[in-house]
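Read through the structures below before going on.
Shared chain: chain A. Partners: chain B in the first complex, chain C in the second.
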Partner chain A sequence: MKRVQLQRWSSTVLSPRARTVSRLHQHVFATGSRCQSTASPLQAESSAQEGPGDAGFEDVELMKHVRSAHRRKDMLKYPSPPVDAALNSAKLAALHARLYLPSRLPPQTLARALVDASADPNPDFNNESLATLGHDLLTYYTTEHLLCTYPRLPLTVIFAAMYAYAGPKTLAAMAREWGVEHASLPGGEVDPGLLQFRRVAPGSDLSVATYNNRTPRPYAAQKAWRMTVTSKIFYDDEFGDAIKGPATSGEGVTAELASATFVRAVMGAIYLHAGRPAAKRFFEQHFLSRHLNIAQLFNFSQPARDLARLCARENFELPVARIISETGRKSRHPVFVVGIFSGKDKLGEGAGASLIEARERAALAALKGWYLYSPLNVRVPSSMEEEGAAPWKPVYVDLGEVIV
Partner chain B sequence: MPVKGIKTVAAARNGVGAFILQCKRLDFHYCNYGGSSRGMLAFLTQTLPNFARENPQIEIRVSPRHSKHPIIKGHYINGREKSICVRNLEPNDILAKAMILKDASGEKLKVQKKPVTSLNESVRGIWSPYHGDLRGV
Partner chain C sequence: MATSIVASKRPFLSLPFLLPSWSDSLALGSRRYQSSYRRTKQRLRVKPDATFGSSHQGHDQIIYNPPSSAPSVYHTPSKFLPSNDARRSMRIENAGNATESVQDLPNVYRSDPERKYHLTPADVEEIRKLRLSDPMTWSRHKLAKRFECSPLFIAMVCEASPEKKQIQRQVLEAVQSQWGSKRRMAREDRKLRREAWGRDE
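Up next, the complex of A and B:
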């Protein structure tokens, strides 16, 4: 009978923290080569090996090793990497160059943008303040772009477009596409080029945190009450979702949320160090350059009814659906092409397998044609902040969507 | 509610605005003893500093790998790795291999059948049998 190899078996079961007594780890820790590790800091059981009073060594090389070992042990005390560690991180320098960040933005600030509030609660060393500024800039630039480019969009679609451009999911995807790696656990000895945050404990219920929100909306506990779209502008965030309160200290955050905070913090850091034009350029290059088909964000429930109300509001003639062409009415695959006409103007056209379906599609096309109107030569208000900007001409402001 | 919004994520188009180099890390492994690493050792001392200076967006790691052939390993943003064995190669050839890894996207190599792949709809539209003149057969 073969004996079970206990050593190997236990190493797969136990976490790295519990294996501090293994000889390899003692060796690694003593030589202090854990500088770029993403593993959790080992609890210093062997820290008594070298006392601070051994200054009598003549061997310069050995003294250098001892000093660096002491320095690294000091680093274990901090919740996030010290500021001067940013200058020695290859990962951080590579990230700085990969994003083509302005040289006026020092790597120390980029390192600070990578430290989440859940990793280091001290506001002087985490990215919370930078992220707040970056979030405001992001939402401002995105909103003015959407409102000026598509002045007739319904509010719910604006919320969805805002979410698609600057929502946490998109920002997390951007951080992934920038090649930002996550540290397993935050700590002073971790490479400053890694995103550091305390993770949510496995198995914890995320919906509890959203329930515990601090929205200013009155009667927020009444879940069954109808929430109007207009009230979402006043009480909710830029995506039409309820505002969540700040995370209580000690709790972790999801990787998505931490990545989104990092991207916002980078935006804020660029604004602070390189100024407004650089921040705007960064926004245009990284956010506006993403592909979003606004026509696919609409979800109509009754397009024919909406179109009738819209025509009544705009004093158009009542829309009428007419068959333009058809084939195989009695066959297994009939196709009807239906146009919606207001007087002599064709508002939209659609093809479907039944007359009802074709009419719905035609009404949908007509409504999208109205809502997706985009003026030529769009200018946004923030373009007036540039030097030598032409005088401002008011942009087109629409009545808004029809109320049914 | 007349119309609802559908929540999506805007798709990335690398290079339309900013361009992110997909190679994020290059590992250079060499052996101090083996003869196949002779060119690699020369490359590391002569060519690599300049290469690193020209490509600051790549993190470069140099580490010995005892009694093994020298290799270059590229780590990519999509999470994949590519490695090239550079045994017995001259420094210039090793530089060419490093450039291959640097320019790669990290994806598996595949045959590109279409001249253009795009997220945008076709400008001309899809041909419809129900529009235009009907012709008798």
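Up next, the complex of A and C:
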């Protein structure tokens, strides 16, 4: 459908002397009917100056044809579809209904959210401002959810979880699930229901910094220097990556980045048109509802040592590994179940094919048990914005991760 | 002979591997009748466990057969709960008799490493001096044996000289150059498996 429309536009409007028109000419000369005037505004630029209200046309249907042809021509002047085209787009209406967006959010804004800054550099018509607002909202809601639900998470795990919830890859997958299609090329004549962005030229190297580097980090050019996790809080973005500036004009963006910007812009548009509760609901329904197993984000190199440090810090007894059960010690496939005990309390349990493996896994389970602590009745700070909210009780704040 | 065995209906005879080897000549196992099928079937009727029966008919009871799997990591151990968490007081009651036998469980290591803390700063200085003066003689393990501490402690207080490290690297390379593809792959696999422990895979 999308391709068919584009072909039609390009053959009639973009190149007036296309093959179809010349065939129409032959047809006109052969029959001598009034079809001649249908082609007239298309085949020559000079005839467009006469205007559609010329006395030469009497037929109402004919006038409609001519007017629409002129309108198509006007559309070509702009890099993105005109605002009033949003009301006539079936794709846009379908997307609005599919996402169950609030009716206060007009389709014109949704159409604007679909225009990337690489397609239309005019900030009044592209989605950059909406996306900035939406990005801030998304990261704020995700951060407060993570910090209040799992107050003991190490920072690297928080970065990974943030990326999993609100990273560009997830947002691009969401845009794909929402059924947002990409326009081949941006322009004023394309359907406003398509995501419009200028693509990266094929063959260009994405690993080279195409974005102007705006990181405030001192000595950022020293690639070999060690970057501490703490410095990432100060200098880097919410995913622990270096801050990138906006793409320079004239360069394209990847489809992933454009889709992510669109999803952020939708979030910002909902916040602007329908308010805070609707934005929060949208976040819970589309972002928090996605399942993320945080226990899989951990990676320890020496869990037994870390656990010993943790127990020393918290004034627990030294952790001791004890064999809970075992089978086939002298066989080819033995299984040991080892528990880590601190005093009389079991901290973790793990099974493995060797005593060392079982002990490491048990220490790992104990560490995860510590880091994945979640308080009862979690409330986030933004829940105080609701009407009639209960008085705020301070959330649990942990000392921080174990540093060896 | 065969008829008398069948007529005796001794149950173990229905299982041919229980019979002594002389019965092979009688070709008992080759004949299968409806009765032998029935007897085999009868053996398989195992009485269910007592917990599945209705012995406690007077009162209600809960049968809890815990699955043979590791506990969930989302289930925080009571010791790790903060002092103001409500779950802490709820769990202490039912944890009474389970922890009694902890001290009876065998240790993973043969003996607990007892911490002596007997080395003085002068000893540490001597360790460093010895290791720098003659690194070939005074290796980590020899120093550990002499000063009655762990090799880890030796590594914590001093470092080998760069020449010694270079020699050791060359020795390792010489050993590894003798490895064939099988041994090399096995070592690499072992390393990968070890890394997978940390990701809990």
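In this text, the second predicted complex is superposed on the first by the 346 of 404 C-alpha atoms of A that agree within 3 Å, B and C clash if a C-alpha of one lies under 4 Å from a C-alpha of the other, contacts with A are read in each partner's own complex, and residues count from 1 in each chain.
Here is the rule we use: contacts are C-beta pairs under 8 Å (C-beta built on N, C-alpha and C of every residue); 3 or more make two chains touch, one makes a residue touch a chain.
Keep in mind that what you see is a predicted model, and the values were worked out from it rather than measured.
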item	value
First, second, both or neither for A:335, with chain B first and chain C second	first
Partner chain in contact with A:321 - chain B first, chain C second, else both or neither	second
Residues of chain A touched, compared between chain B and chain C (which is higher)	B
Touching partner for A:87 - first (chain B), second (chain C), both, neither	neither
First (chain B), second (chain C), both or neither touched by A:289	first
First (chain B), second (chain C), both or neither touched by A:299	both
Partner chain(s) touched by A:351 [first = chain B, second = chain C, both, neither]	both
First, second, both or neither for A:396, with chain B first and chain C second	second
Partner chain(s) touched by A:177 [first = chain B, second = chain C, both, neither]	first
Overlap of chain C and chain B interfaces on chain A (superposed complexes)	296, 298-301, 351
List of chain C residues in touch with chain A within their complex	70-71, 73-82, 85-87, 99, 102, 105-109, 112, 197-200
In the complex with chain B, residue positions of chain A that touch it	90-91, 93-94, 96-100, 154, 156-161, 163-165, 167, 169-170, 173-174, 176-179, 193, 229, 239-240, 284-286, 288-293, 296-302, 306, 309, 325, 327, 335, 337, 351, 367, 401-404
Contact footprint of chain A on chain B as seen in their complex	1-14, 16-18, 20-21, 24-25, 56-61, 77, 119-121, 128-131
Residues of chain A touching chain C in the complex	295-296, 298-301, 303, 316, 320-324, 338-339, 341-352, 355, 357-361, 364-366, 368-370, 372-376, 396
